[in-house]
Amino acid sequence: MNTFGNILKLTSFGESHCPAIGGVIDGFPANIDIDVDFIQSELNRRRPGTSKLTTSRNEADAVEFLSGIFNGKSTGCPIGFIIRNNDAHSNDYSSIKDLFRPSHADYTYDQKYGIRDYRGGGRASARETAIRVVGGAMAKLLLKQIGVDINARISQVGNVVLNGTKEECDKQYSEIVSQVKAEGDSIGGIISCSIQNCPVGLGEPIYGKLHAALGFAMLSINAVKGFDYGMGFDGIGQKGSELNDVFYNEGDGIKTKTNNSGGIQGGISNGEEIYFRVAFKPVPTIMQDQETVDKEGNKVIFKAKGRHDPCVLQRALPVVESMAALVIADYYLLNKTNKI
Amino acid sequence: MNTFGNILKLTSFGESHCPAIGGVIDGFPANIDIDVDFIQSELNRRRPGTSKLTTSRNEADAVEFLSGIFNGKSTGCPIGFIIRNNDAHSNDYSSIKDLFRPSHADYTYDQKYGIRDYRGGGRASARETAIRVVGGAMAKLLLKQIGVDINARISQVGNVVLNGTKEECDKQYSEIVSQVKAEGDSIGGIISCSIQNCPVGLGEPIYGKLHAALGFAMLSINAVKGFDYGMGFDGIGQKGSELNDVFYNEGDGIKTKTNNSGGIQGGISNGEEIYFRVAFKPVPTIMQDQETVDKEGNKVIFKAKGRHDPCVLQRALPVVESMAALVIADYYLLNKTNKI
Amino acid sequence: MNTFGNILKLTSFGESHCPAIGGVIDGFPANIDIDVDFIQSELNRRRPGTSKLTTSRNEADAVEFLSGIFNGKSTGCPIGFIIRNNDAHSNDYSSIKDLFRPSHADYTYDQKYGIRDYRGGGRASARETAIRVVGGAMAKLLLKQIGVDINARISQVGNVVLNGTKEECDKQYSEIVSQVKAEGDSIGGIISCSIQNCPVGLGEPIYGKLHAALGFAMLSINAVKGFDYGMGFDGIGQKGSELNDVFYNEGDGIKTKTNNSGGIQGGISNGEEIYFRVAFKPVPTIMQDQETVDKEGNKVIFKAKGRHDPCVLQRALPVVESMAALVIADYYLLNKTNKI
Amino acid sequence: MNTFGNILKLTSFGESHCPAIGGVIDGFPANIDIDVDFIQSELNRRRPGTSKLTTSRNEADAVEFLSGIFNGKSTGCPIGFIIRNNDAHSNDYSSIKDLFRPSHADYTYDQKYGIRDYRGGGRASARETAIRVVGGAMAKLLLKQIGVDINARISQVGNVVLNGTKEECDKQYSEIVSQVKAEGDSIGGIISCSIQNCPVGLGEPIYGKLHAALGFAMLSINAVKGFDYGMGFDGIGQKGSELNDVFYNEGDGIKTKTNNSGGIQGGISNGEEIYFRVAFKPVPTIMQDQETVDKEGNKVIFKAKGRHDPCVLQRALPVVESMAALVIADYYLLNKTNKI
């Protein structure tokens, strides 16, 4: 279950403190220009250490492509890549070896597998999302060829809705997160994502509805607790007569006057903007004493050490976009098979 | 993409007005008692025509099992079944043959496939959910063996939160939906679902997180626009220090004092109650004139005829439970493979 | 594991003596003419009771399509179908309920599942191949659109190689099988299959090589013990210099002078004729006393009753073609995704 | 399609001359001792340059594990690994850039993808089989826990059947291959493989029969043209009465007196030895002038340069064993799910 996708498939491996994390992108169409600088720039958006608000762990996060690219183009063969874990301080984590951090995956991994790489959260670490960003950047290169554009933004932090110019939002975000950091606490929020110029017809009924695939993708991201699209949870108070999207003929094609459907009807894209929201919880690592139990069930006090983010939203933006890009690219390829 | 699941797989077929809808349940373990009466009773919960508030289409919805069961027990072989479409009035739908109903799947199916069985919404009809209920009832029979219990309830209709006794909630629901029906309109809401006694350890990192699988399952249901679990969208205003679930030793095992995680940590069940919410939009069929376009792009006025629900929440309860049961049963079987 | 295929998927269910066998064809492209008479004629080729040499069980084998077809065309939705088991004489089989027939699947099913529908061999019966023929006939309708032609013939029965005109071969086959039938014995042989006009480029390295998919398909057929393609087992005595297929330019395209590769190079079709052989064992049911054990391990003598074929080759021809058609159609659709 | 397996999955990447080849083993059970020396020793069996008869390309073929192993044990997380291509002489291959070598995959890859990494055969190179050997060695470590033993041997080279002691066979093999090498030619043969102590019950009807999975695995190996198991092609001359395997009670369990079934009945292992044969063609690279065409269709003469094996059988032994081990381990895990 470390593979994502149907035709375009991303297989991921690696833990927080192993020699390298990496992945394999399979089913990537041949003859697409691979702009490695763009991929690295996407990785840089996700990188820790880019501001005082994120963890000070300073990975270079340099991706090394190993196969499937020839003369700057994809060959149709699987694209293997790795990112070395250069800056892993394994010693930082020995104190958590034998206890279960609250709201972390320590306990469940331990119970499930009977063994756990406890260093930095092991496989459950958000470090793995770097692999998604590489895969997503590749998917974006594919989607660029057909004009699809994907953009995510932080629309809410804690219970503060962000609006205004980008600069104003960034400022507001920084202020809130700085305050939370000072308290040794953490905070969540909402990322809103928009997909423009998605071709009509993507989505595979019944169990491959496009929004279900997007929801699955988003819910697989660390710390995500909810997903909705179109009118979502917020539209529940309205009636059918208020929410139905009326079709009209724009001359060059059929459009809808409103877009409460969020660009997807019956699980299939209708050509309008696809938009959805992703709810992130506050990350469980906080710089405060917390009660918990150790492996033997003894009560212990845990206080986090090391480098941690008070808020993951900023770094999660390219992850959300990447998972969306992987879904759209995959469904674009799938959709090629419904006619001969 | 008409198959759901990894080990326990439900394959579904059928449209609203074809001779029969049906399915195949594959990977169902051998030697489990198949209580056909229970399965039929689950189907009856979903059946239209059971109250004045739901469509008056009166399908018997009698499931006929064709294979995979011998002497009342599952054999490990695929279980085929059909439900005849006895009460399909195809003539009712000829008027929608050449137009696209607002917020329905007519337009997208037409664009995707270039052909569309327009009768009663064809494959996009919620009639297909009967197949999910059969599959889900089978999954419940499996889960009964390990003590898992799944219950869904309507927690919100329109913007009215339902609480109080079951009787009070039912009364409130009936009043609201009756009013909406009288207006020829439709209304949505939220179904909340609880899974009790789920074994620890279910969920397959990274791309098979248990909540991601549940979300995917729910989002595949007709009219669903959102999913969250645990603290979900509503917990975003709180901080890590408020939401973290503290572990303690209950004597007979490790528990958490609170359950904001919703019974899942790192994508793996931790033994606490799993709970999640599913947002349903108002169904798009309303008994009012609506503007739209026909296939040639001409503006037309559409008014629904036939039998339709003003609110699907009541009938959706067994569907939500069924999809949850299919996921839990599937992940239970998957989890058998992580150790030798 | 009752689903075959990647994009074009056939899911099968049913045992020898359950109410009906059936299947679901998913991923079938939209807008293809469905010639039901052709499909039934393919089924008739497989039907028992068509000559004195095959079992006298006289199933009508009438396929009933339930969904996915509208106005004579595929809609892109899953195509469900059933074949009723009208002529099942369950009483014939009570004598085998508690023993394990030699070289049958009785023992292994019993050990694997702990329960077994013993009637007529249950799921292990070759009756299931009728479902493959329906699926294969559908695939042939798809392949007809792109000109692919698939033909199987009996090339060896026992150790007698059949050559000469079709009539001569049929005569020779009949004589051998009649003789074997008179002896109450059974006999195997080889079916050779040819695929003409297969497009260049089908086959998915590394683990989806076209010949590997064909081999997998053939080996899944009851009684098959071997598969080879191109020069196969028989070419082993020759050297590279003798077997290499030299390319030349025919003017309208590149061809090979010889075709020892069997139309597939590196797992990908090269446009030449694809040909392969399938080895069938003699069916294990013989009209002679055989020693075996019952469920308690007691030695017993078993003598088959009922209706059985001394040789399955004639009836297996449409099954071999069907599985080949399913593979080629599936890989044709898959191949649409390797470029954007 | 670069992933092999259902539960235990090997994903492979890499070409002959890219920076590294590698793979990801997913679904590997937790808590199994990983003997890296054993894995390397298996790789060494496959390595070129180990005798004067194989290519003199001298890769260290040192596997580097990157993830999924902690304190010498598997963690249940995906195991990523790479093997650097240290000894790749890319310049050797520039002469084949624009032509299609006879019976190689140059032409088909070119046609399928429109682009081709021509260096050393690219993805079609047998170099990829090193990845299979790593995966297979891991599977062997798993199977060791349950006592399964897998052994392959060369049973035929050209048309010479090898029998006698191992030493005699090796000598005979060496003589034949030396002679062929001297001629600048190549030669094929048969590898026979035996699986001892396979548990009863492995194999998933209908489309996951154990022998079909083994056949698929073997046919995916470079240069393989055929597969049979049990009596296979050679038993076709015999009748049912001669080939049926009679059950008897050995006291401690039910056995068969003969084993023409090859340890598999109805697609499910019966506890007897599983044995099968794999036919390899002579590799197409020969040290002789060959006629062919270039990309423009012009006739050209091709003569191989570089390092090539006149016979791959010796090096293919661990590859055959590895693919068998992957299948058996995968089906062992799958079989855990057929009962609760």
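Think of it as A, B, C and D in the order they're written, each chain with its own count starting at 1.
In the analysis below, contacts are C-beta pairs under 8 Å (C-beta built on N, C-alpha and C of every residue); 3 or more make two chains touch, one makes a residue touch a chain.
Computed from a predicted model, the values in this text were never measured in an experiment.
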Q: State the smallest step count from chain A to chain C, taking one step as a move to a touching chain.
A: 1
Q) Considering A-D alongside A-B, which chain pair is linked by more C-beta pairs in contact? A) A-B
Q) Counting in whole Å, what is the centre-to-centre distance of chain B and chain D, each centre being its mean C-alpha position? A) 45
Q) Which whole number of Å gives the spacing of the CA centres of chain A and chain D? A) 38
Q: Would you kindly tell me how far, in whole Å, the mean C-alpha position of chain B lies from that of chain A?
A: 26
(Q) If I count partner chains per residue in chain D, which residues reach a count of at least 2? (A) 1-3, 12, 27, 30-31, 76-77, 112-114, 123, 205, 334, 338-339
Q | Interfacial residue positions of chain C with respect to chain D in the complex | A | 1-4, 6, 12, 100, 102-105, 107-109, 111-114, 123-124, 128, 156, 158-159, 180, 183, 185-190, 200-201, 203-209, 211-213, 215-216, 219-220, 225-233, 235-241, 243-249, 254, 256, 260-262, 264-270, 279-286, 288, 290-293, 297-299, 334-335, 338-339
Q. Given the complex with chain B, which residues does chain C contribute to the contact?
A. 1-3, 9, 11-15, 18-24, 26-27, 30-31, 64-68, 70-71, 73-80, 82, 112-117, 122-123
Q. For chain C, which residues are in contact with chain A within the complex?
A. 7, 27, 29-32, 76-77, 142, 145-146, 205, 332-334, 336-340
